[in-house]
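Shared chain: subunit A. Partners: subunit B in the first complex, subunit C in the second.
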Partner chain A sequence: MLALVVAHLLVSLVLPGLTGRHTRIAFGVAALPPAAALCWVLAHSRAVLSGAGPVEAVNWAGPLGLGFAFRLDALALVMTLLVSGIGVLVLLYAGWYFERGSGDARRSAPLLLAFAGVMLGLVLADDLLTLYVFWELTTICSFLLVGQSGVTRESRRSSLQALLVTALGGLVMLLGFIVLGEAGGSYRISELAENPPTGAPLSVAAGLILAGAFTKSAQLPFHNWLPAAMVAPTPISTYLHAASMVKAGVFLIARLAPVLAGVAFLPAVTAVFGIATMLVAGWRALRENDLKLLLAYGTVSQLGFMTVLAGSGSYTGSLAVAAMLLAHGTFKATLFLATGVVDHQAGTRDIRELSGVAGRLPWVTTVSVVAAMSMAGLPPMVGFVAKEAAFEAFLGGGWDVAVEVGLILGSMLTVAYSARMLWGAFAVKPGVRRNEADPAPAALWIPPAVTALGCLALGVGYPLTDALTSAYAGRIAGHEGEYHLGLWHGFNPPLAFSALTLLGGLALFALNTRLNRRRELLPAGMSAQHGYERVMGSLERVAVGVTGRIQVGSLPTYLAIILLTVLVVPGSVLLFRETPVENLRWWDRMLQLPLALVILIAAAGVARARRRMTAVLLVGVVGYGIGGMFVLGGGPDLALTQFLVETLTLVAFVLVLRRLPARFTETESSRGVRVPKVLLALGGGVFVGFASLIFSSARDTASEVSVQYLEHAEEGTSATNVVNAIIVDFRAFDTVGEISVLAVTATGVASLVLTARSSRRRRHARSRRDIAVTSPGTSSGERGSEVS
Partner chain B sequence: MTEHEHREKSGGPSSTESWFRSDAPAERWLLSGYSRDSRERTILLELVVRVLFPTVIVFSLYLLFAGHSRSGGGFSGGLVAGQAFVLRYLAGGRLDDSSTFSMRPPVLIGVGLTIAVLMGFLPVLFGGLVLESGTFAFTAPLLGKIKIASNLFLDVGVYLLIIGVVLDLLRTLGSGVEADIAASGEERR
Partner chain C sequence: MSSVNLTMAIVLGGLYATGFYLLLQRSLMRVLLGIVILGHGANLLLQQAGGAPAGRPPMLGEAPVRLMSDPLPQAMALTAIVITFALTTFLLALAYRAWQLLGHDEVQDDVEDRRIRRLESELAEGESAENEQELDSEATR
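Moving on to the complex of A and B:
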């Protein structure tokens, strides 16, 4: 399974070479890995449904307990069908949707494929940390895909909002994962499901994980990033923000349902947030005029619906959520793709400007009607089957009644905005000029037709849907339930609710125009978008305030803060704890004495130096002196490195000194400034001196680790130089970390220097241009030198 | 120069020419093909650098490979190689115009880091652990028995990265500051 995920990522790496000239071929190639994943999953489906799906674990850092673990079970099967199946269709569709060789196409092909890969990894993951890694990778893909070229301010803001909200939730979720993993003694989900932890840690973990799920699945009050993300091109909105990624939150709740079964508040919390989201977003969808925004709010609303079902934990509820995942994936993908065709062919997706598209695009209209019927929950579509199961799940007494009422109200809104979407996109509207729309190429309408066929097939072929979903539900509830998905259960309450929903929804749609007029009169009230903007604004203000107070831009101040910290934190310990200095020797070899004398004289010279160059050279002498000490002490590697670093430092200093005044200060500073500086410097020096004395006397025999290193260097790493063996083998992890830090630091310093230079140069150029404008006679010569 | 051209045209490749010019540099004097302003130029240093540069680079490679059993290693090897470039910069200036070393410092840093990290993950492909190392020994004709430890490649990454860091230093604080001085001198004029 890891191989499949890696195959996605590898193909997406080589794809940029192809997208430039052969856009459609590139998208076709990109569709191959998801197609392979789909075939592989289908080949294993029989084994999975009987409860014996393939399992894979790759330990890449065993001693640290880090590894990738994957398991194909019933839920993963359902999600993989969506992720890979819709992935193939969207990639093929995108090849015709994007203009050939355009920047969007070149960016989107590899990113969409990479996203398909990480999403596959996410749904197959059986390890909490594996899941987290893929979870955040989907967030990053989403950020890049929404942002695209980042030219418009709107796309930048939307992508950043999506990134911040979902990454914040992801971090909170990681905290929950760690609490869960540490409390349960394992990070494997399958092991946790068998022995779930109990008590307070479980409740804390559940709360934190729900925060992650709610942000990802756009639940109230985090829902606003999803409609904002609709600035992305339609294939991307279809795939990420309707069919797959936003379902990750619901998937997570469903995936961890057996682990979190002992959490008493889980069903209540998911019900409250889910129903609130369902109602608010459904209400908003009735007001939007942009078809994509309408569908986006519809997605938010449906995600609320699924959250309620996923949190219920009952057999029928689990059955319903699995069916709903399939239903929503198929109908929402169809509608988004169809909207994309309308937008592509008619040039607009604004309800107020579209009219009579049905006559122009008959096939697109047909598939949209099928999908909208599924969304509204009409027989014989899979949406109806799933909704019947959902109504059935909350037939009990007590709080279930409130949940059922909420679901019915939310479904009425769903029916209303489904009708509004169909009417808005395709109907002939009086007073609106009919759109010119060219017939869509087959490649644009076949993918939505396939998904629409899925809506119908999964509904009519309900035994298949039942087989797919009951395997998952049976695992959650721990037993087989009596309820089965179907089109006809006789005259029972769910059927009545469905009829009620349909009638109420159609009435709402009929009244909608009048309602909208009323709605405009209502005060704006609370808005999640304003809340987000206010939070971000205050965060930026706090950051500016803190930075302004800490980063004053004075080198002496920074040095003083560092030295004071050193003196206070480790220095005070030295004062209060008795630390004997034992085995004090004045020297080991006589040669050390003259060397020490040289170092001392040079150090005293540095303190007396007035010229920068003198000081730098004397510091160099001290450094070389220390290197000499290393030679005498028997550390040739250490000495070699010390000499080299010292030389390089000297060179760097000299290079910089060219731009600095020759002397440190032209005028004497006042006593009030000098005395504290001197005291601080003396304190720092005395502390470091004493500390090194104490540390070096604290260890008179080789430590256990050193002995181990010396013993194992030859046979363990085949290196006879133990220093090198430590660097490249025993502590190789540290080495990689250190060189990463070095790379970042070097790049950062270089960028800082270059930025300062380029801004200075720009300033010069501007002032020079001003001169040139005032004295036009010399302009040509000035320009010439400016360019150089 | 003109005299020489003249002689070449008239006499062709004569014995006197080869006698006079047998050890004249046929290519550019310094590898960068650029020499400092005559007021700042020291021919002596340029000559020394010309001779020394390849030697120092070879020495740095020795340090890199010797690190396994003697003093040295990727870090000190990289620093030595970096200082060869420092010498070249001091003698010739303007390292960034050099056509002999066209890889940009940030790229070199990235390549070094990538090699080190990939080498760390390579054992995973063979069922080992991250950063695990193995040794391959073989006998080559003339050279005798050769032993290569896989962790040498980690050192190669470190070596390249350090060279990149030093080159970056020369680019920003060396040539950069120099260009700044030149620009401000122009300003004053």
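Moving on to the complex of A and C:
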């Protein structure tokens, strides 16, 4: 399964080269990997439905328990049919939709294919972290596909909104995954489903994971990114924002339903948010004039519907959600693709400008009618089958009644906006000029025709749909249920609800124009978009405030803060330590005392010096003094190196100082600044001195390593000088690294100095020329360049 | 338990204090000198932290092993000395180049940060003015 995903990504890497010249061939090639995935899944479908689907795990970082795990089960099968099946159709359609060789086509072909690959990985994932990785990859694909070239402000804003909202949800979800994985002792979904964790961790994890699912599946109050994302070209809206990606949230709830079965609040939360979303978005869809926006709000509404079903956790509810996933994928893809054709051929998708399209595009109209019937839940479409099951799932008493009422009201809205969509796109409207739409090429109407056929076939062939969905529902509920999907269950409440829904919806549609006029009089209430904008605005405001206060831009201040932190945090640990400082002695050798005095006096001199040369020479004194300390401390090699390096450093300083002014140029800082600096520096000195005492007294023997080195130096390296043996033999690679550091530094120094020299020469030459040209008498340019 | 050398600790404290003080200055050259002194201090600290009192050089055959200084801190310090040298020369070249380009070798505050600071105070003023207006309009209502 990993191979299939990787194949998608590899082909998408090759595509950019092909798309520029042969756009349609490129999209054709892009359709091959999803087609292969579809064939592979279909070949395994029998095994999957009997509960023995293929499983695959690729170990990546074994000790960390990281790996890619995949499992093709019934739910994954349903989703793969959608992802790969609709993927093939959309890619073929896109080849004719995009202008040949256009920038959008060149960007979209590889990205769409890559998206198909990562979405496949997402639905097949059996590991929480694998799932998360693919989840975020789909977010990134969505961002790039919505943004396209990013020329218009709207596309930039919409893509950013989609990215921020879904990535934020994704991060919260990751937190939930980690809580779940740590509490359950495994990140494998199949293992967690068998031994789900319990108690508070499970509840916390469920809450966090729902946040991710709700943002991705555009539930209230996060739903606004989805309609905003409709600025993307229609094939992309079809594939990502109707048929596959936005279902990831619902899929996640459905996937984790066995793990989260113990969470008491899950059905209530999903019901409240789902029904609210279903009603608000359905109501909004009745007002939109842009066909794509109308459909987008319809998608949001249907996602709410599916969220309710996915969270229910019952057998019939699970049956309904799986059927609804199939139904929504087929009818929404059809409607979006058909809208794309109308837009492409008639040049507009505004309801107020479209009229009489049905006569010009008969095929497109036919498939749209089929799909809209499925959306409205009319027999014999799969939408009807799924909706019957959904009504059946909430026939119990108690709160089920409220849910059922919500679903019926939401479905009425669905019927109304389905009718409005058909009327708006295809009907002849009085007072609107008829559109001169050209007949659509076959490649544009065949893909929606195939999906429309899917609506019909899955409805009429309901035993097949039942087989597909009941395998999943059986796993969730743990037993086979009584209920089976079908077109006819006799005269029962769901059938009555369906009839009620249809009548109510048609009435709503008939009243809609009048309602819309009233609605304009209502005050504009809360808008999710305003909320988003306000949150983003205040986020930026806080960022300015924090940056303005914390990032003052002064190096001394930053260093002082670091030093202060060192003093406060490790310093307080030192003060309240338990290790004693014992056996103080003044010196190891008498000579250390005068040497220490020399070093300290020189150091104090450096701090006070106003002339550069004085300061440098005093630093040299300190360095030689340290060398003397090394001689006394039994380190002749160390002392030798110290003397040599100190001399070289002095030479380098003198070479540079030759060109700099004699005194330090900095302005004398005021007393109020200097005193804290002195105090802070003294505090740092005391801290280090004190720490060295503690370090020193904590050790009583030479380290294990040193003893080993001392023992093995002679036989191992045939050297008597142990320090040498360490540097050139035992730790030779460290020394090689050190030499390369020196080489890099030398290169850097050389380039800096040489640049300086050549630019000086150039300036020199130019000023000479200037003098020669302008005024031969003055030599100010000459002097100026010498000074610099 | 070994004894602890107090003189060395005082020298270390002095060196680090000087180094920190120079590091807090605005002249790049003084900052650089501070880094050099801190480097010296660090090398000395390695020896002091080794714990054992100063002994004979770690040359086999010259003295009994138990009287020798610990060779490991010495090897570390040896490496550190050379790396400090590399760092010093590079910083020196940078300071020189900065002086050439800018005409001074001072570490100035970042102008962009100053700009953000000003923006922040402007925004805060604007907000308080807005609040005042709101209060006024509420009071007259």
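Details
Heads up, the rule we're going with is that the second predicted complex is superposed on the first by the 591 of 788 C-alpha atoms of A that agree within 3 Å, B and C clash if a C-alpha of one lies under 4 Å from a C-alpha of the other, contacts with A are read in each partner's own complex, and residues count from 1 in each chain.
The rule is simple: a contact is a pair of C-beta atoms (placed from the backbone, for glycine too) under 8 Å apart; a residue touches a chain by one contact, two chains touch by 3 or more.
Remember, it's a predicted structure, so these values are computed and weren't measured experimentally.
Once the two complexes are laid over each other on the shared chain, residue contacts for A:689 go to subunit C alone; subunit B is not touched. Of the two partner chains, neither subunit B nor subunit C is touched by A:183. Within the superposed three-chain model, A:637 lies in touch with subunit B and with subunit C [touch as defined at top]. In the superposed model, C is the one of subunit B and subunit C that contacts more residues of subunit A. Of the two partner chains placed by the overlay, subunit B and subunit C both lie in contact with A:753. Of the two partner chains, both subunit B and subunit C are touched by A:727.
In the superposition on chain A, A:740 contacts subunit B only, with no contact to subunit C. In the superposed model, A:659 makes contact with both subunit B and subunit C. When both complexes are overlaid on chain A, the residue A:647 reaches subunit B alone and has no touch with subunit C. Of the two partner chains placed around the shared chain by superposition, neither subunit B nor subunit C is touched by A:427. Where the contact sets of subunit A with subunit B and with subunit C meet, they give residues 636-637, 641, 645, 648, 652, 656, 659, 720-721, 723, 727, 735, 742, 746, 749, 753, 760.
Note for the complex: subunit A touches subunit B at residues 58-63, 636-637, 640-641, 644-645, 647-648, 651-652, 655-656, 658-659, 717-721, 723-724, 727-729, 732-733, 735-736, 739-740, 742-743, 746-747, 749-750, 753-754, 757, 760-761, 764, 785.
In the complex of the two chains, the subunit A residues touching subunit C come out as 541, 544-545, 547-549, 551-556, 559-560, 563, 581-589, 592-593, 596, 599-600, 603-604, 606-607, 612, 615-616, 619, 622-623, 626, 629-630, 632-638, 641-642, 645, 648-649, 652-653, 656, 659-660, 664-667, 669, 677-678, 680-682, 684-690, 692-693, 695-703, 705-706, 709-710, 713-714, 720-723, 726-727, 731, 734-735, 738, 741-742, 745-746, 748-749, 752-753, 755-756, 759-760, 788.
Partner subunit A is touched in their complex by these residues of subunit B: 67-76, 79-80, 82-83, 86, 90, 105-106, 109-110, 112-113, 116-117, 120-121, 124, 129-131, 133, 135, 147, 149, 151-152, 154-155, 157-158, 161-162, 164-166, 168-174, 176-181, 183, 186-187. Residues of subunit C that touch subunit A in their complex: 1-27, 29-30, 33, 36-37, 40-41, 43-45, 47-62, 65, 68-72, 74-75, 77-79, 81-90, 92-97, 99-100, 103-107, 109-114, 116-117, 119-121, 123-124.
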